[in-house]
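For clarity, chains are labelled A, B, C and D in written order, and residue numbers in each chain start from 1.
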Amino acid sequence: MKKDIGKKHWAIAEGYIPGWSHGVAPEMTSHETVCILNMTDHDADVEITIYFSNREPQGPYRLVVPARRTLHKRLNELHDPAPIPKETDYACTIDSNVPIVVQHTRLDSRQAENALITTMAFPGD
Amino acid sequence: MKKDIGKKHWAIAEGYIPGWSHGVAPEMTSHETVCILNMTDHDADVEITIYFSNREPQGPYRLVVPARRTLHKRLNELHDPAPIPKETDYACTIDSNVPIVVQHTRLDSRQAENALITTMAFPGD
Amino acid sequence: MKKDIGKKHWAIAEGYIPGWSHGVAPEMTSHETVCILNMTDHDADVEITIYFSNREPQGPYRLVVPARRTLHKRLNELHDPAPIPKETDYACTIDSNVPIVVQHTRLDSRQAENALITTMAFPGD
Amino acid sequence: MKKDIGKKHWAIAEGYIPGWSHGVAPEMTSHETVCILNMTDHDADVEITIYFSNREPQGPYRLVVPARRTLHKRLNELHDPAPIPKETDYACTIDSNVPIVVQHTRLDSRQAENALITTMAFPGD
């Protein structure tokens, strides 16, 4: 009764990489992660674009999520064409050639105890 | 393969600005933020309306989100036509003349360690 | 450019009222809240039904959300037909005669620092 | 005015069972939970499939959610065909023969104070 689900276009309006951390690295380092699930039998070519409050969008950042795999990518680790600055408001879009599911998580360990948030990204029609 | 996505009408049912804070300002000050992404090539004229439990709605608060930009606006900082009272249950709607994506976040630092929540706002048809 | 949005039928699959608390009452008492926004010009007659893992559903609990108002109702405070037991897995549905928007929040202060979660409820077709 | 709502196919892109815990067991043990609500008058036969970053999917894990019941299942407790490894990125899909509502929660108590996240799973068409 299994069925592939997903959308090709997604957006996350809230992006912010905290500037400092507490606790053991890398688990407790403040970070943001885009979690992508590709249920299909085709590799997903994914493009991430970063939007800012005061300059033109940056990207695309290119990732491949193989068929029947998930990829949890820390946005802190994107470097090409340029790293995402810390302590800066941003947003992002995720576009794929096959249907995927996208979820966003942040771990904020600026204070001694970590705080976590997550939400499904917003899917396009 | 990029595609603009979004909706013109959004709602957030849960609003509450905590009355006190711990930690360094402004990063750790308790606050609520509406994060708006405008992927389109047209500036977005946005109107926020605040709903209360015991009186008529207040607004609109007017914002502009330029083309291809994101705006993360602390609701604590809205002043015209009137500030949003702290420690008061409220809700809000966000209406735009072009499609946008809206996400809501609260940082609550009433206790020594901060707590964070986020969710996509609810999109209208 | 404002437009009423919402749905008449909503569900929350995750319900659990923590059994103990830290901090000042009532702000820091562990609780779950259903936040309802009624943008329409008609009062909303709302019925909440509670589902359990091992017995028949309980309800309906009846609430009124006046026209153009929001109601943030702590589920801990529902008493008729019966209180919701603490430390018990449950789920709930929210049905209304007019379109509403429903969001769920929990404050968990079982440990010294509070944790918060929120999500939009799931809307019916 | 009640109405059954739900979908038969759901996905969660973010899965990660923390490797350690603080606080009293079992309440404060780090865990991930899939919360399922079955509003219908038919028992739900549910299949969970786990996706990884570097090997083929694992499953299905079979559950029954009786008619008019909710089931909050800790993913840590799934054992057949094999446990889900800790400290490993994964994702999951949830398929049912009747409409259900699915929500995902994690309690992370790796540090002294617990952090909580929740989101509705992503529903298929």
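Keep this in mind: contacts are C-beta pairs under 8 Å (C-beta built on N, C-alpha and C of every residue); 3 or more make two chains touch, one makes a residue touch a chain.
From a predicted model like this one, the values you see are computed outputs, not experimental measurements.
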*Are the two sides of the chain C and chain D contact the same residues or different ones, given that same means over half of the numbers occur on both copies?*
different
*So if I superpose chain B on chain C by CA, what angle comes out, to the nearest 5°?*
90
_Distance from chain D to chain A - Cα centre to Cα centre, in angstrom_ = 21
*For chain B and chain D, let me know how many angstrom lie between their CA-based centres, rounded off.*
30
*Can you list the residues of chain D that touch 2 or more other chains?*
112-113, 115-120, 123
*asked:* Under the stated contact criterion, what part of chain D meets chain A in this complex?
replied: 8-16, 47, 49, 51-54, 56-57, 60, 89-91, 93, 95-97, 106, 108, 110-113, 115-125
_chain A-touching residues of chain B, taken from the complex the two chains share_ = 1-3, 5-6, 23, 27-28, 33, 35-37, 39, 68-72, 101-103, 105, 112-120, 123
